[in-house]
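For reference, the structure I am asking about is given below.
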């Protein structure tokens, strides 16, 4: 049994707590939060968990085997570092760190310490994204052409980071998981409302050597909640709409073919359009976070790297850094 | 009665023909198309229209008062120039010309010749876009923050131009009509499938001095047809979904407000979210093209500039040129 | 070439005219309408068609081979009878006649006269309904359990009939086409707003000997337009949403199975639910009315009964009569 | 503080437990379930609650002030009766009892014993239904014409009751809450798949003296989950779609007006259609069950009848009985 201490019982922490407590092999042994009312709520729900107000007190406890960090990003590195140094396994909220350098450093520390370091890239564990991955891997879409993601809603504005660092980690983690090829450059544009110091809307483009293009629209100032991806392949295309109660993924047997005899002289494009059936594969409906905490437990027990390991966390952070840099450089492409 | 000759009876020409024939003050007097089967179809429908295979023959007829040009873009300038020089009023398909310089030249020629030169920016005449304009003009949205447009579907690939020149004119014309401020720079990224020489997917960003951002996603390789705009203002926000059979425009009484007492020391963002009712204004359901041909007839009769005049046509082309230039320059911002 | 005279150029007549004029083998030779403005509109569009104000004048013309009747139902029988007696083929708007007896009488007259008598059950010719029929025929749904149809919108209220006679013919024709088994009884309930003498909303249930149930909701006073069918089979189920721009038909690999060992003593129901993929078959997108006018032309030329023949028209009318009777009898089941 | 014992920790019990534990004034003091694994789950979540396997043990405890019954309907009457007789307040899952007579008897017992008896008609406490009620009460819809409800999905089939008793209580409770006028008769039709002894699909019509009509479609064998109501008034109409993540209620400023000069001689219906804006009122998003448990606490403290009292529970059961009777009598109208 791995005894887990959770640091942070704010917005996301309660979800982690619930899933930790329901995962075989994990035990929610302690919860840390400086706010009395949050700590009281945690205690009411999990009477077996020791309530603590200071992370240091948790890290000092020898009966804690693993630490789950659900605090603001600016605290991730110090907390994770301290936990690793005390030989504890660590699961960190996304994004792993404010810089790729620090993310990589954490990975190296964990490797040296022989502990598991995992990032909470939740969407990688959804039935929808895993199904899409299996379709991509099986070559069902053909050559990959583009991935377009829209992740917009109203709020929650943050004090210390823009919308890119808040919403884009989800999409970057999905792209990192789905697409084997890695981007060579990133560009980004954005804007924000008067009175707010950061971008509340941003567009991020990932450029790949093959011509593949991934484009993200992240937005805290949208009147409706949209969570939709279009993924285009040369053979098939699909949509992934996370707001659909069912049939989140729809695969379209649609495509185009070009007649190679097309030439400049004829000045005509011979293109044929194929439009066949659409199908929506049945998806595993298990809660993603449950699969994630199980992966954490399994990786610890099997002494192996978890699916969303420190390296994937660092790759995502590197793209966030590049996007940020591009935002500050008039949208110039930043090589990664 | 203005006697109209239509050049081009392909994809869009039949719609123009029908609306010309149903507009008081206009008479469809001739149709030109080099393809016998298209000409025969036109004749069967409009027995009063003289069938011609050569545009020159049309331009030479003194009984033709106005010419409607629904041919590929590469022919627009020569045809429009010749028509203007013969003193005929001209309505041209979008985009007006391949270069802003030529578009402006046509505008100057028409002004000198005292004829009406109009561009078919159809969407400007829709009930939805006119309603949005009235909301923007009335200040209902508050300070404008962004406009995000998605215009994607499968096909139709074109031989001589990329998706930008085919689909973006619609959005650029809408932006030009809705937003008084004009963009100062354009950037664009895109890609295309193997076997095709142009971009089939592109993202275009219009940068404005005020911080307002307009972003377009145009795509010929999407599995579904999407025609959706999000427009964000500081007071309200709206969606415009042209695929909705009704309620195309939805206005959301949603927004955020920032507490000016927010400061670095407190390290907390005091933001309040407002989420009130949504409403979908009733829209004028008249066919946009009918309003457009009426505007053409009215502008001719009243000897005034039409709503979508040569200047708006030239502004749209200038943005297309800049987008094209940015595509060739790794997405660099091109000043306009 | 069959020379066709169209009687009635009101709401539906123009659609028939256009499709007649575009069908090989048919020629729109005359249009009849007592209203000068409608006749003028018809003449402007179809200069080759003789304009007439009196149906009698049409029926007397020997150069007319076929008559298409798009007038109010109350006139169908007299017009069709007169046309058949003059040896002309006849295509009649739905419903064929106000009573099943008259509908059958017309069928007998046509058979004796050796002319084609066809009913405009448009939906039978849609790609969606034909695809559903092919799925049903192939046994893909398994044993048929129910068909539920919702056909509601705002208006158009009619002077001389209730919503049942206006909207239900579509659904009854679809049921008649899809389901081999014929209903044994009909029940109906309805209501109408103050100031209107008929039902504007009605629910119709068709009872079948096998237990299969078909249920229709027709409504002129609905705030939204809904055109949706659910069809449940023991193996699979499907939805047919005619308001969807594409993917109108969706087939769900869903079902239940009951453990036969279930018994009263155990007081437990052993039921297993199957939830597999959904798929949306690609549909023929040809205009249904074009297929219908072609069927009319083909049936005439091949001297055979058309797909939607007088017998199907009479079956639909018999169900309408029974529904009407049930409405007047407190929803009692009326045997048919 | 009211100490509450919950009987039944199956499908719905956990939701009740959570809301009881989060309601000020209520304390979850005991949980009863005969299944060890359910009891263990309850104990893990609510360590302060005494686990019991036998309801009798709960009822005998003097430290229990109130009992919440979330067990199959067949057990409701005995459990509720025993609890009332021991002076405990009672909240019962819908439907309150298998017969209206028993439901009324429970109400009388509770009144005599001076305890609160409440039914869990959850939907009455949703923001959507309460908003609709306020619109109806304010007369915004005008004279009420009809209510049409569709509540369909796949499963869960039950051993001891048909779909009417499972799903229709929701709709009947909503109708009872929204519409002041009470129905005078009920009719119903239904069917079920081979291998199942009850109806899995049913249509229920409530007839009102005024002509108002309420119609319910309940179905366990539908491929998609639909939760949609249409409510038509003479002035406005609305839709209530519970599957929408937001904007569940949409109010349409649509209607018809009849010209009273319409007469038989003119044979024309002068009807004018009004189609104005649609709006979606902002809704209270509090969890309905939370409001319900608070109402239970408040009613106990204030010694008053709760909103969903025994009388409303009995009215709903009376309609269920009538629907059942109609199902067994070929859909005949059953007076209530």
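Just so it is clear, A, B, C and D label the chains in written order, and each chain counts residues from 1 on its own.
Note that a contact is a pair of C-beta atoms (placed from the backbone, for glycine too) under 8 Å apart; a residue touches a chain by one contact, two chains touch by 3 or more.
Source: prediction; values computed, not measured.
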* Could you pull out the chain whose C-alpha mean position is farthest off from that of chain D? => B
* Repeated interface matching C-D, over half of the contact pairs identical, chosen among B-D, A-B or A-C -> A-B
* Asked: Once you count every C-beta pair in contact for both, which comes out on top, A-D or A-B?
  -> A-B
* Rounded Å distance between chain B and chain D, as computed from the means of their C-alpha atoms -> 52
* Would you mind pulling out the distance in Å between where the CA atoms of chain A average out and where those of chain D do? => 40
* Please compute the C-alpha centroid of chain A, do the same for chain B, then give the distance between them in whole Å. => 38
* Structure fact -> Among all residues of chain C, those touching at least two other chains are 224, 275, 278
* Structure fact -> Per the touch rule above, chain A residues touching chain D in the complex are 21, 44-45, 47-48, 224-225, 243, 245-246
* chain B touches which residues of chain D in the complex? -> 247, 253, 275-282
* Asked: Of all residues in chain C, which touch chain D in the complex?
  -> 143, 145-146, 148, 150, 152, 154-160, 187, 189-196, 201, 203, 205, 207, 211-213, 215, 217, 219, 221-224, 230, 232, 234, 237-239, 250, 252, 254, 256-258, 260, 262, 267-269, 271, 273, 275, 278, 330-333
